[in-house]
Structures are given as structure tokens and as C-alpha cells.
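Right after this note come the structures.
Two complexes are shown next, each including subunit A; its partner changes from subunit B in the first to subunit C in the second.
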Partner chain A sequence: MNRRRLRDIPWAVLMLVPSAGLLAVWTIYPLVRAVDYGHKQCNRTLTECRDVGWGQFSRVFQSDQFQDALLVSVKFAVFTVPTGLVLGLALAMLADKHIRGIGVFRVIFSSTVATSVAVASLVWFVLLQPQIGVLADQLSGVFPSLKEPGWLNGNDTALPAVAISSVWAGLGFSFIVVTAALQSVPRELHESALVDGAGSFRRFWHVTLPMISPTLLFLMVVLTTRALQTYGEIALLTGGGPQTTKATTNIPYLIYGENSLIRNDIGLKSAAATLLFLLSGVFAAVQFRGFGKRVHYGS
Partner chain B sequence: MRRVSGVRLSGVTKKFDEGEDQVTAVDNVDLDVADHEFMVLLGPSGCGKSTLLRMVAGLEDPTSGEVFIGEQMVNDVAPKDRDIAMVFQSYALYPHKTVRANIEFPLKVRRVPKAERTAEAHRAAEALGLADHMRRKPGQLSGGQRQRVALARAIVRRPAVFLMDEPLSNLDAKLRGDTRTELVDLHRRLDSTFIYVTHDQVEAMTMASRVAVLNQGRLEQVGTPQEVYDHPASVFVAQFIGTPPMNLLPAGLLGGEGVRVGVRPEHLLPAADGAVTARVHQIEHLGHEVLVLAESETAGRLVSRLAPGPDVPVVGDSVRFEVRPADMHRFDATSGMRLP
Partner chain C sequence: MRARTTSRRVAAFAVVGLLVAACSGGGDITESGDDDGTTTTTEPGQTLAPTTTVAPDLLPDCPTDALESATGTVELTFWTGMSGPLAEALQALTDEYNASQAKVKVSLVNDTYEGTANNYQRASQDSRPDLVQMPEYMVQAMVDSESTVPVGKCIDSSGFDTSAFLPTALSAYSTQGVQWGMPFNISNPVLYYSKKAFAAAGLDPDKPPVSLEELREMSQTLVDSGVVKYGLALDSNFDGGGGWYIEQWFAKAQEYYVDGDNGRTNRASKVLYNNDLGVELLTFLQDMINDNLAVSVGSNESGQDDLLKLADAEAPAAMTIHTSAALRGALDVLATGIFPQLTDPDLGIGVMPGPDGAPGALIGGASLWPVDSGDPVRIAATWDFLTFLVSAETQSQWATDTGYVPVRTDAVDVEPHKTTLATDPRFRVAFDQLEASPDALTSAGPVVGPLSEMRVVLADAIARIFEGADVKQSLDEAAEQANNLISSYNTSNG
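The block that comes next holds the complex of A and B.
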């Protein structure tokens, strides 16, 4: 290290303090506490805790409740991530045109960014409501389950219904991210491909897709992490139910949900939360590994 | 049989909407580019030369007028069906593809069989000295190499017409000189018509079979580099072509009423009984020639190009210059057009 770099160190530390501080207080400290509680059993008021050892993590992982919740979480990710990615890309491609009034569509497409999970869930709760909901009213001919028992009440339909609401709420974000990526693709690349003889599909496949692939990978990882951490929609729309099968009890709902079996056990909850953190990391790593080679990061 | 691949523009106009206003980028241009000609579209930035080229490529639609390639009117023909190739200023290489894949791309999208594709790509790469770099990606190449990949990708399909939009402007001066020579050589070897856009008059003068000078969307003059230099059709052309530019005397001086006389620096020579007196304020020794910069009370700033030698004046000298009538370019003082 040369002298100049040494001189920069105090400044570097000073600059890092704010974000390091936030990270420490809001992420690292809670994580350490969760790991710590993960091998303890406490009474409800947390006044008495005793160490039960690291075995608690594997017991939680192997429990039926966690395994069921894990399956629900994975299914939810499978429903929402590809759909969100493809729809976000499709909308962004549609809006990536130089035509009059396209700004209006851009605003509409990105509007769900400004919609909170609570509002989005309420909208879909009303739409899907079996007695008064518009969807049930209009489409029950095609999908009788909209009326009886209602999608949010059906064992097979509850999770996809929550997924629809979640995809809709997340679409604005995907749209904005992909739109920004599309606009960064040099126009001359498209023109060159056009002159070279590439039709619209080949231009998409050989120019657009490779050029925005880093963004798509980023989006996939973010959407997957979000899907694994989905809580609000499930708490508001189904409460982890239908209760007989717990068809929408995913890991976050198992951790904090009102109807969760372990809601009062800080030790088990912390162990489950730590496992969710590790799983998110594993999913992200798998995605980076699996797709990283196919992604082009510019010259 | 050879394809006839001249390009003809007839009354081509392009207007762009800019907010409420319309801007005329290309104004009623008629231009005939002969088969296998090296036509250079020359003009300052914003003169419409790139827009004109893009209309030949089919990347812009003319507001009015017709574009012909060979015998065919191509206004409604898609770029890919125009039998053209284009080299962009930024080269527009696909950064995620290898050099080989970049060069093969135009053949691949035209479903040329793999073996033939490889052979053609190799031939094009060989012609441009890229054979050793086929597995690299554009990011690993120098500017000059990238530029050659763009050229290879353009020639691989053996198009009837080559369109080039300032392809040398991102290269350093030395490489630009070398590449000019290569382009002329390439043009000689290929059976194609070249249309080349540049703002650099040296490129135009050294490479063109003919030059089309554009100014504010209008065609000022078309001719061989020598014609355009010797007989500029307007004050604009006279001043745009030639380094240093032509001296332009105030209206009335040496010419008659309403006439401006232009004199190339090499024709402004010291003489004991010269008609224009000026004081030398700078001398530039370029080795093979000397530029004398002088200030005249009647004629303003003047530049004279002299051979090096003992007769060259020094700074501060008062020098009389003369111009032979045959070396005078006469322009209408109001319209700027050349007078006979």
C-alpha cells in the first residue's frame, strides 16, 4: 500500500461510518441476536432463557411445520419470480417505444411502486371476495372456484391467488428496473442488427436480452429474496390459511404469523428466521452461480 | 453477372419534429452515386449528412423524395432487404459476442449454412488482419481492431452498397491515416459502392472518387476532390475545403461591385508591386512549406503559403501580395455563389 492510500484511510472510514452504522444497528445486531436466541428456550417474557444447544436449528429444520412452510415458500417463489420477471420485461418492452403519450403508460405501469402491500392486498381481497368481488362476479363462469369456496379459501387456489396479488404489487418495480436497462442499450446496436438483417425476435435474442442480462439476474435475485420473505400479503389475505391445511403458511408467516403454532416461542422463531436467512443466501448464490456465466457485464 | 448498385437520391427531404417546430435536416437533395463509386458526404456537424446516409440505410424515412438503390426504389424496403451494410461511428459491435460471432452475425441471421459462414468470416477477418483475434471479445481489442471488426462484419456479406458513418473519428491521428489507405484499398478490391460520411475534409480529399458537400441540409456541390478544390461552387465550399482555408477578401476588393474574391493561400504571393499590403504577425514553419499569417487594413486576415527559403518574410515585415487573375475565385457578395 502506498502512502497516498494510507492517507486516504481516515476519510474512507469516515465515509463508511453512516452506512456501516445503519447496517450494524438494523441488520447485523438483530441477526446476531436471532442466531443467539436460536439455540435457547425462553419463557414468554424473555426473563428466563436456557441454552438448548445448536441442535435446535436442525430440529426446527427437520420439523414438519418448517418443511411444509419451506415448500410453501418455494412454491410461492416459483409462482411469482418467473411471472414477475416475464411480465416486467414484457411491459417494459411495450413501453420502450418512441411514440406520443408513452409517458402516460409508463406512469400507469410503474404505479404499483407507490402502492403499499396493505393497499394492494386490500384491492385484491375485494376483487377476489366471493360474494361482492368483481372477479368472482365476472369470471365465475370460467372459474367456478372463484365463487365457491373463493380462491383465498381454497386449499389449491389460496397460494396462487396471493401470488397474483404479490406479482401485481411488484410489477411496478420490475417495470422500472427493466425500463432503465432497456434505455441503456445503445441504439446503434439495434440499428446495426437491423441492417445486418435481424428481425425483431433476433434483435431481442441477440441484442436486448444479452445487454440487459445483468439487470435480469439482479431482478431475479431480488424477486426471489422478496418472495421468500413475503409476509404482508399472506397475513392480510389468508392469515396463513386455509387453516385446515395451512396452505399459505410460508416461513415468514410461520415465524411471525398470528395463527402460527410457534408464535410465542422466541427460540424456535429465531432458529427459523436464521434458517430463512441462510436459505435466501443459498438461493441467491445458486442463481449467481447458475446464471452468472451467461450474463454479460459490458466491456 | 455484377449487380448494378448505384444509389440515386431524388428530391429527398427529411424534417424532424422538435416540439412544436419542424426542423429540416435534409432539404431537397438530388444526388447520383455511380456504381462502384467512393462517394464522400462532407459537411460540418448538423449539416444533415448522417441523416442522408441513414435514409439510404432505411433507418430513417424521407419526409418526401425517393431513394433508389440500383434500379429499385427502396423507400418502402426494409433495411435488411436493401443489400447494404453499415459501419457506425461507435462500431456497434455486440460486446457479448466473440469477434468471430460478430463477423458471422449478418450471415447467421440470413441462415447461411455454418461451414460457409465460418469460411466467409475467416476470409473477411483475413482481409482485415483479424485472423488471430477471432476468439476475443470486442472489449479485449484496441480501438483500431474494433474498427476493423466492424468493417469485417460489413464486408462479410458482400453487400452492393457500403455505408459508413464517420468510421475513423474514434481513432488516433496515426491510425486514421493508415486506415484511410486501407479503406481505399478495400474499395478497390471490393465490388461495392461506398458512401462515406465525414466532417473531415482530409478524409474526403484523400479517399473520395467524388465529394458531396452539404451545408444546412442542402447540397452545395458535387465533384471530384480536385474539382471541388479548384472550382468551389460557393463561399461555403471554398472555406470548408482546404487547410488553411481560402482567403476571402471584402466585397469590392480586387473584384467589381458586389463581388467577393477568394484566393487560396498558395496563390497569395509576395510581389514588389502587389495590390494588397499586409503586416506579418506570425510565421509557421512546417518544414516542407511556410505559412505566413498577415493582417491587412484593407483585406483583413490573410494567409500565404510559401516554399521555405531566404525570401520568407519575418514577423513585423510589411509585405505586398499579388494575385494572378486566373487564381481568383469570384463569388456573388450576397448569395455567396460562384460567379463565372
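The block that comes next holds the complex of A and C.
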């Protein structure tokens, strides 16, 4: 047994080299550089740097701007993750029927996967434009804020409006993942539950949900990480604004955004990026710890 | 089981710890780069020792005659900040140059201004282009990069005649007696207004306001007549009403925006906009909004919200201030007739109204910077292409294609721009107000390292002022943050 495992090691290494190489070049190396820059102050062309100490991380973390951005990031995750999860599950359940023409609906429901963030944002930007947008035109009777000041310009509406666009754009991904999980649930389980007299709600609650719970946990962690990394929608829809409250300046926007004060300061933005990495890890760990025991990984 | 509980507690503590840290601490992120009190840094507002004029012999040479020794075609790369129709127009000019001779072939790499600026600053020496286009806020950063050949050196060595150039176009890109960049595409803010609304309100549609007082009076007349809801549409974008226009108004009033004579004789160390002039200007605008004579469209993320306000069906404004570079595009949109209430001939263009009607404007847009590749042939080839781009003929074509102001006065007498100006005088306004700029250092505008971030700081303060915040206090807060940015920039780049 042990000898066989030893024999497999060279093959295992060989198989792992390509992805490990990519990971090293595109993830590990930049991360190490970010941590390194995080305690430095450099000139614009990065030719001269001086060490300002690890305190730069805590100063960035404690700064008003980072704290505000952290709150925005958390709010954004709260807005988008449960909504994306529930809507993805609901659509997948709807489409998990063996009827004629269901393929058409599956294509429609998953279509946002083929839509880039930029295109999705542009669609919503035009829809929400206060003067010429269709939504402002049609629904301003119900929601006057669509017209004045416009949802993307309103302090209370900007973040939810970006969240709507983001959830919409991410729905295709959630739909596909949940659909795949639903199709892997053995039919016999449903049939025997049916024989035992379980109604559709009980079958969903006691058969479907436990069987797909590993997928839902995976989806929740991925959606949360994505929510924390959201940049494109915010850059294109609000530019981190409205300006008076910075209600949509999350951590990624604080790092790169056109309206960010630290976007040319490699030291401060590297420190902020490293902190975002650590925070994402903490959030993922909390989710695994909190929900992990409720997940049913099968026999 | 026990281990599991422990690790869950650890995770819970981590979250609680982060949230607790969130409540304590504080401070502005622009101060986070300071050392732990070990290194001395320049205090905001503290004036640095005067920098002496840059010694010309320390700067890279521009061997403009080296192209003659070239063997074969010299391939050049030109990084631009142009996109869409502007990039197409520049490509057409480049194609024309490439076809006109066999010695030099130029390829364009297009990005946004911000993208090009970032890529350039991050590029290693070997991966830099031969020529780069930089927006006006990048002057100090480009000087500090010590990576370019000052065009003044090329002008001297080739005997290139700049007498036809707009003086402010050249001075905008020179500091401490050195001509660093070559002006190429110039824009400045002008007044866009609805002639239709002016006529309907009983105003002369060919006499837009020139002074701020007239701007207010005419807004009052327009609003009172019921023709429009607002006289003026404002924005608080950093490249518009939140930053760039304030710099323009300071220049019109012949006041400096930053110290060191706008950073032109000494490196700037603090902003001056929280002075009486700044308070007066922003109070004026705030009053316009409070009295329902003006409306703010906010940060204007689309870049068009203020213009669209002129064509708004429900609550239109009669005037707005917008960059002249948008004129060609705006006219093209109006010509399609999608706004029945505002068609092409209804749009009037006037000078940017200023304090006491003072004339003049600052150079906006971008300039061209030849990169010091160390190869005399490439530098000479770059200069050859540059002289093509700023010739009267090329500038005439460029101005007509885009709406940019030509960098030289003789370009307006050359076709096709001659005809453009004759048939549509609206294209002339931006040029005329530049030509009227007073001959003073204030007309050259501020040069300071983090100018683009400083505009964001001021824009956020102006957005608060537009919503009713105290003018003086908001400007003071913005000035403090801007001074932190300058201090931090000067510490690392000075």
C-alpha cells in the first residue's frame, strides 16, 4: 500500500505542475509582492522604495476610508449572496422538469454566464439612467427616486441598485451549478420518498436540500468571495459614489477605483489588497465552520 | 469535537476582533503611508526649499539629425489615451504619416488616459513606448519619472519654429524653464446653452452670459419665464465642475491654485483653493442651487448627464458648462433628431462665464512626451513624427475631426478647419477664449504630483457643498486631505 503510494508520487507531481505553476505565477507571486509592497512607500515608477514598517497595514486597516469600504463590502455581500443563492435555487428547481422545451428555458436562465460584467453593467446603466432610461420612464410613478435623483445617484439606493445588477449578472452561474447538483440527486431517493407518502415540500426539505447542501455551501462561499471582490459593476455604474457618502466604495474600489485617493500609492493599495485577502479567508472560514456541520457529504 | 469548538471560537473571535478594530482607530487613509514617526516627512503646507532651475545639461539630449543615419525602417510605438472616434481620427493621421515616408513606421496602442498613465509608470525601461500621450494632470509625475526627452531640447537642436503656437499651449507643459511635453490635443470648458430657451425667455440667443453675475441674472430670467426649470446644470465630477472648472476659474481670476507659483517655479507643497476666491466661487454656486436657479446632476458618471439636462423633457436646464472636446459628438447626436426639444441649430456655445467676465481658459487635454530610449535614431524618428502631428495641416484636420482646439494659430487658416470655423462658429469659441488668456503664470494652471487624486478630494467636497454643507469648512477639509496627498507624493518622488 505504502510502496504503491510512493510510486504514484512522481506522476502526481507531474500532473500538478501545470496548475501549480499557473497558481505560483498568477496568484502566489503577486500575493508575495503585495505583502512586500504593503510595508513600503515607493515613487510612482517603483524605482525607489523605502520601508515604513508593518504598521502601514494597521494604519490602512484603521483608516476611516478602509473601515467605510469594509462596511460597504459586507453590506454588498449581505444584499447579493442570499438573494443570488435563493434565486439560483428557485430557477434551477423551476427548470428541473422533464418537459418539452425546457432546454430553451435552461439556456435563457443560464445566459448571463455568457454576459461580461461590463455588458451587464452597461445594460443596467442605460436602464437606470434618470433622463432617458426605460426604468425611470416607466416606473418613476411607483418609485420617484428613479427619476430624482436616480437610483445610482441616491445615497440609499445606489448600493442596492448595483446589487441588483450584480445578482442578475451572476444568476446564470448559480443556476448552472445548482442545476448540475439537482441532476446528481438519485431518482430512487425521490421515488422511495414518494412511496413513503412524502409531499413535494417534504421531498425538497428532506431529500433534495440535504443532497445538494455541499453544492449550496460551495456556492455560498464562492458568491461571498465574489461579492467581496466586486469591482467592475461599481466602477461602471457609480464610480464608488454618490460622492457625499461613498456609499458604493467597497474595498476593491478603494484599491483600484478612478475616484480612489490611494490608486497611485502602491504601498497603501497593496496593504489594502492584502487585508482584503485575509478578510476573504476569515469570511470563508466562518462559513465553513458555521454551516459545515449541516452539510451532508453522503456516505 | 473539542478541537472543532475551539476553532469555531477562534473564527468567531477573529470576526469580533475585526469589528472591534473597526470601531476604534480612525484617521485618514492619506496619512497611512507615514512612517512610524522615525523618518521626517514634509509637513503639509510647509514650503520646501526653493528648487533651482533645472540645469539643461543634466537632461537627455535630443539628436534630431540622427534619423539620417538610420538603416531601414524605424518602428515606433505610440501609447495614446484615445478611444472611439478620437482613436480613429488619430489612426487616420498616423496612417497618413506612415504612407508619406518610408523611414519611420508608427503603431498606436490605445487605452484610456488613466490606463496609459498607469501602464507607463509601471513599465520597466525596456518596455516603455517611444512616445506617450499624457493628460494635463500628469505633468509633474512625468517630470519626476525622469524617463523622457524634453521636447524643448528637440526644439533647440532642430531649430523647430514654435512662433505660431498658442503661448499658453506651450507654457502649460513647461516648468522651471524647461519645455517638457508637446501640446497636441487641447480642450477647455465652454458654455453649452439652448438658444431656443433663451429666445423663449426673451433673452438674446446670441448673447450668452460672460460673467458670473450675468449667469445668475439670465438664469433668473429663464426660470421666471417658466421656459425651463433651471438656468444652469452643474456637475461635481472631478474632471468637471468638481475640480477642473475650479482650476479654470482661479486662472481667470489670475490667482494661483497651488503654491510655488502653481508649481511652475518651485515644487508645489499645498493648495490655495480654500481662500477667499474659492469660498466666494463655491458660495455663488451653492446659492444658485439653493435659489433653484441651478441643479446638480451629481458625479456625472456617464459624462453626459449635464448635457442631457438641456434636452430633458420634464425638468430641463438652459445652460451647462462642459468640455469643448464633446462638441462634435454632441452635434452629431442632436443632428439625429432624437431630442425634439433640442436640435442641432438650437445648441449655442459661449465662453465659460467667469468672475467679472474675465477672459481666458486653462489648457486641458493632453500632450506628447518622447521617451528617452537611449537610442538616438529612435528619438530622432519620434521627433519627426511629432513635428508631423503638430504641423498646421495636421492640427487643422485633427481639430475638425474631433473638436479639439488646434495648438497653433495658423491651423485655423488652413483647410479643412478654415471651412469648419467659417460654417460653424461654435467651434471657434474654445480657441478664442484660449487666445484671450492673460499673459501670466496663472494662465498655465497648477502642476502638482497627485493632481488627479486632489481633484477627487475637491470634487467630493463640492458635492457636499452642492447638498448644503458649509463652504469654508468643506474647502478646508479638502485642502487638508489634498496637502496630505502632496506631502506623501513629495516624500516619495521629490
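Heads up, the rule we're going with is that the second predicted complex is superposed on the first by the 295 of 299 C-alpha atoms of A that agree within 3 Å, B and C clash if a C-alpha of one lies under 4 Å from a C-alpha of the other, contacts with A are read in each partner's own complex, and residues count from 1 in each chain.
The rule is short, and it goes like this: a residue touches a chain if its C-beta (ideal position, glycine included) is under 8 Å from a C-beta of that chain, and two chains touch if they have at least 3 such contacts.
These numbers come from a predicted model, not from an experiment.
When the two complexes are overlaid on subunit A, subunit B and subunit C sit side by side with no clash. Applying the stated contact rule after C-alpha superposition, one finds that A:Ser19 touches neither subunit B nor subunit C.
In the superposed pair of complexes, A:Gln129 makes contact with subunit C only, with no contact to subunit B. In the superposed model, A:Arg50 lies in contact with subunit C only, and not with subunit B. Subunit A is touched at more residues by one of its partners, and among subunit B and subunit C that partner is C.
Residue contacts after overlaying the shared chain place A:His206 against subunit B, while subunit C stays out of touching range.
With both structures placed on the common chain, the touch criterion links A:Glu188 to subunit B but leaves subunit C unconnected. Think of it this way: put the two complexes on top of each other by chain A, and the tightest Cα contact between subunit B and subunit C is 18 Å. In the complex of the two chains, the subunit C residues touching subunit A come out as 7-8, 11-12, 14-15, 18, 21-22, 24-36, 38-39, 114, 121-122, 141, 144-145, 147, 236, 238, 242, 298-299, 301-302, 305, 308-309, 311-312, 314-315, 449-450, 452-453, 456-457, 459-460, 463-464, 467, 481, 485, 488, 491-493. Across the complex, subunit A meets subunit B through its residues 186, 188-189, 191-199, 202, 206-207, 210-211, 213, 296, 298-299. Residues 57-59, 79-80, 84-86, 88-90, 92, 94-97, 105-106, 109-110, 137-139, 153, 157 of subunit B are the ones touching subunit A in the complex. Within the complex formed with subunit C, the subunit A residues making contact are 41-46, 48, 50, 52-53, 55-56, 58-67, 70-71, 125, 129-132, 147-150, 152-153, 237-239, 241-244, 246, 254, 258-265, 267-268, 271, 279, 282, 285-286, 289-290.
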